[in-house]
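Listed next: structures, encoded as structure tokens.
Two complexes follow with chain A in common, the first pairing it with chain B and the second with chain C.
Right, the complex of A and B next:
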């Protein structure tokens, strides 16, 4: 596992750049992860998606399925990809500080 | 989901290898037979070398050639570590010794704007095999029916040698060209180069619509009963979002076979199989039937010649082989009871000059095939035995979309359509599609008919108490 510097902290990430310890996630870390996924700054819309994923994950232990994500945030799949060009699984989940999703999104 | 009008076909870009080539002829042919014979990769691979024995082609021999070729290229002429082919063989040997794979499970990598088409692959022994620490797969949307020009093949081979391992698979079981092995940094440049220079899209992976594929159809085949290439193209273009941005419970495949011979095996592999069929009568040329019987025409267009099978016997080889027993010879004339024919193609394949499918052609739709994962393999079931359709195929899209909507609503994570149909029952799915049950929908309508009853269909109503029933009929 590699260590990278994010928001002034040394953070352990896996080979795809997902943080290993979801506990250490905070807003600053999300903002530092965002540019790595082609998101220059996190807008309110980005946060809506990130927060939904985060809350769902903390509640259930897994990432939400895409349809659930679209339904709950009110965004279409297209809008999600406009917000997160690298996709919900790779981009949005990474920024939301989830460990690598094995299932869906 | 909404209907899009069909766009004009994207004109095909003419690719000239000389304009896009990366390597010189000397670099491509950079070793001699002699060198290959004496070439040793840097690992001992005795178990793999077993696989080189015998008369068959071997991926081990191929990979060795690739290893030698890469070793002899200058260092700055490849962007993926040069020794990847050698490390690949080294790791595989070790995996065989250990009885388990040394690829890690999963990996999420991708290209900008797409959620599929790239599969992350990492070695779990990156220190030992550094050249394949990353070895991601890319799926490339093959052209319809896999027609290629050599210029195109050379161009992709150069690109993949330069930015990837050089190792590819023509084709994966879904139909894509598979690029095997590159690093994360190279994914985006390859994607950009493919899209903007080679005019080539990548395919599907993960929980999305997988790259649709079709048989050679009207391009070459006399049996094609609808234009498989046209329909495959339209569906690929229409469902771009579904193809590139995974939002399904699991994978979903479309396959288009021009006739029931099923050359892309749609019935075995596709969640929706589209198979060409006809609803009028098989056309019979009685003169040609006589010519087959007299041995003047070779059965199966001569496909079995070269061995003595004895004289052609129409009774034994055609009439008795008809699965529905709907053929007979009457006064030297072949007669077919077309109402009983299930379009198996056997008689037509055997005597193509004498028998041809009818002229009122269309497609049948079958649903729910899959390869074995949880419950074992499953063939798709015929729910729409015949429909007429024309580009842009709106009536077919309507059915597809009803299917998508239901599956996305009800399907569990990683549940294929066929499994959902099994779990919820075929009657439920028929209701979703809005079609009445019919004898075609069961495997053997002629020997095993059954009927779906729902309480509201029974005149006067039906009351049925399972508990009361069980008091008399123990399980």
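Right, the complex of A and C next:
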């Protein structure tokens, strides 16, 4: 199990850099995770996506369907890929502090 | 993961290993390194006695080489160890050393090798580069199914503690939440509501998804990832069931057709899902189970359910009733042939006129069950035009992601791109501008790979869209208001 330093704290992450304990997530941590996913700074648009994923995760226990993410935030899939070059399932979920999505993804 | 360096200096790529915490969730205890080779030999002894097909593969090969040019992994990487016969030889040499007379007496002289950690590390690399597509088994003049070797190899590795993180995490979810994607009931219901709203916008009326509805006739088991990525497939199935007026339901206890147990650990993970299936059937009074678009899942359910129902899976208080297990494509074709479904291929929301669809045959559907014609019957009736790739049906090549080798660490991802090379050539030569593939693993491989290989439509800029088969069917159905039959 790897430990990395993010926002001045020692944080436990898995081999792909997803944080292991979703409870410890906060805004500073998200900002520290963003550069690892090719997002230099989190703009308002980024936060819109991250907050939606986070809110959905706390409510249901999983990441939202990509289609729903697009509709609720008003971005097209292409725009989401522009915001998060590593993709919604990997990049955006990691920044939002979710565990890595499993299954055929 | 950085490349693994063997004791002789060769470098091999391996998928990420599961960490301790994940291993505990899977109830797998890692065997200490110094005991691994001896344990591996004991497991090999168990599997050769348990599975005649493995013994056949171990004893039968004459190295004729027919399989080499049939394997997308070898064609893409040109790594000699990816030739199916050579890949199986990684196990065959060890088998020879311990279980044949000439191997025990003459060892190296007859090509036998000792079981060492290097051998196991090689297994872990190459048995997770094989996608279990069985195209080599299809052409083998001796009928050797190399997939059986890969399967046994992976199961031995799993028992020793070589667990890949991707398959491990999905399997752990099976024990904890009952499906590979880790979907919860809240998320299922929420997703359904969202899709119902979407269909209302498209169709003008609401199509509901019943969840855990008692006394249903049909249990629909959607494919893995339908709840995350493939919205259209789920909508297509709902429209189909609504159209035929079925009394159907989706079970949150048995949600996904996928069965990662088949791919790595048939002893516990696959059995857990079989148990869940029969519990749901008993609980909800199901008369028929219809499985969604999932290639390896269909093979797991069609071929293995019978033998994995060999002990009390039904649990206390339940009577175990056996019901037919069918595939949604077969259901659709049966109703199409009976003239019960009205389709308008010229008016398809997903494939407007000018769309040329090419069909990729998922390996497990066409080589474990000959569904090539079934797919084509549905597709030709649902879309305006089809342009076939070559070869097709049971001779089609694998997408390179089969058996969920969908790793995204840079090393393995590069290999995935190479594995897709043959498929990219096939799609390009077909002249199509839309890809159809009725399998979630294939879709998960196609989505990034069409970009990596720059498969574009005629304008040279737009990346080719990828859809499932039931997506097209759902969009082509001609509704006149609600239920039709």
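Just a few scattered comments:
Assume the second predicted complex is superposed on the first by the 102 of 105 C-alpha atoms of A that agree within 3 Å, B and C clash if a C-alpha of one lies under 4 Å from a C-alpha of the other, contacts with A are read in each partner's own complex, and residues count from 1 in each chain.
We adopt the following convention: contacts are C-beta pairs under 8 Å (C-beta built on N, C-alpha and C of every residue); 3 or more make two chains touch, one makes a residue touch a chain.
Keep in mind it's a predicted model, so treat the numbers as computed, not measured.
Aligning the two structures on chain A places chain B and chain C in a clash. Residue contacts after overlaying the shared chain place A:36 against neither chain B nor chain C. By the document's definition of touching, both partners, chain B and chain C, reach A:16. In the superposition on chain A, contact of A:4 is made with neither chain B nor chain C. Contact with both chain B and chain C is seen for A:100 once the two complexes are overlaid on the shared chain. Looking at the shared chain after the overlay, A:77 reaches chain B, while chain C stays out of its contact range.
In the superposition on chain A, A:89 makes contact with both chain B and chain C. Of the two partner chains, both chain B and chain C are touched by A:66. When both complexes are aligned on chain A by C-alpha atoms, chain A residues 15-16, 65-67, 89-90, 100-105 touch chain B in the first and chain C in the second. Listed in rising order, the residues of chain C touching chain A in the complex are 1, 16-17, 19-21, 165-166, 169-170, 172-173, 179-184, 186-187, 190-191, 194, 198, 223-225, 227-229, 231, 256, 258, 294, 404, 406, 408-409, 440-441, 443-444.
Those residues of chain A whose C-beta lies close enough to touch chain C in the complex are 1, 14-16, 20, 56, 59-68, 71, 89-90, 100-105. Every residue of chain A that touches chain B in the complex is listed here, in rising order: 15-16, 18, 38, 65-67, 70, 77-78, 81, 85-90, 100-105. For chain B in complex with chain A, the touching residues are 105-110, 112-115, 120, 122, 134, 184, 206-207, 241, 245-247, 249, 408, 413-414.
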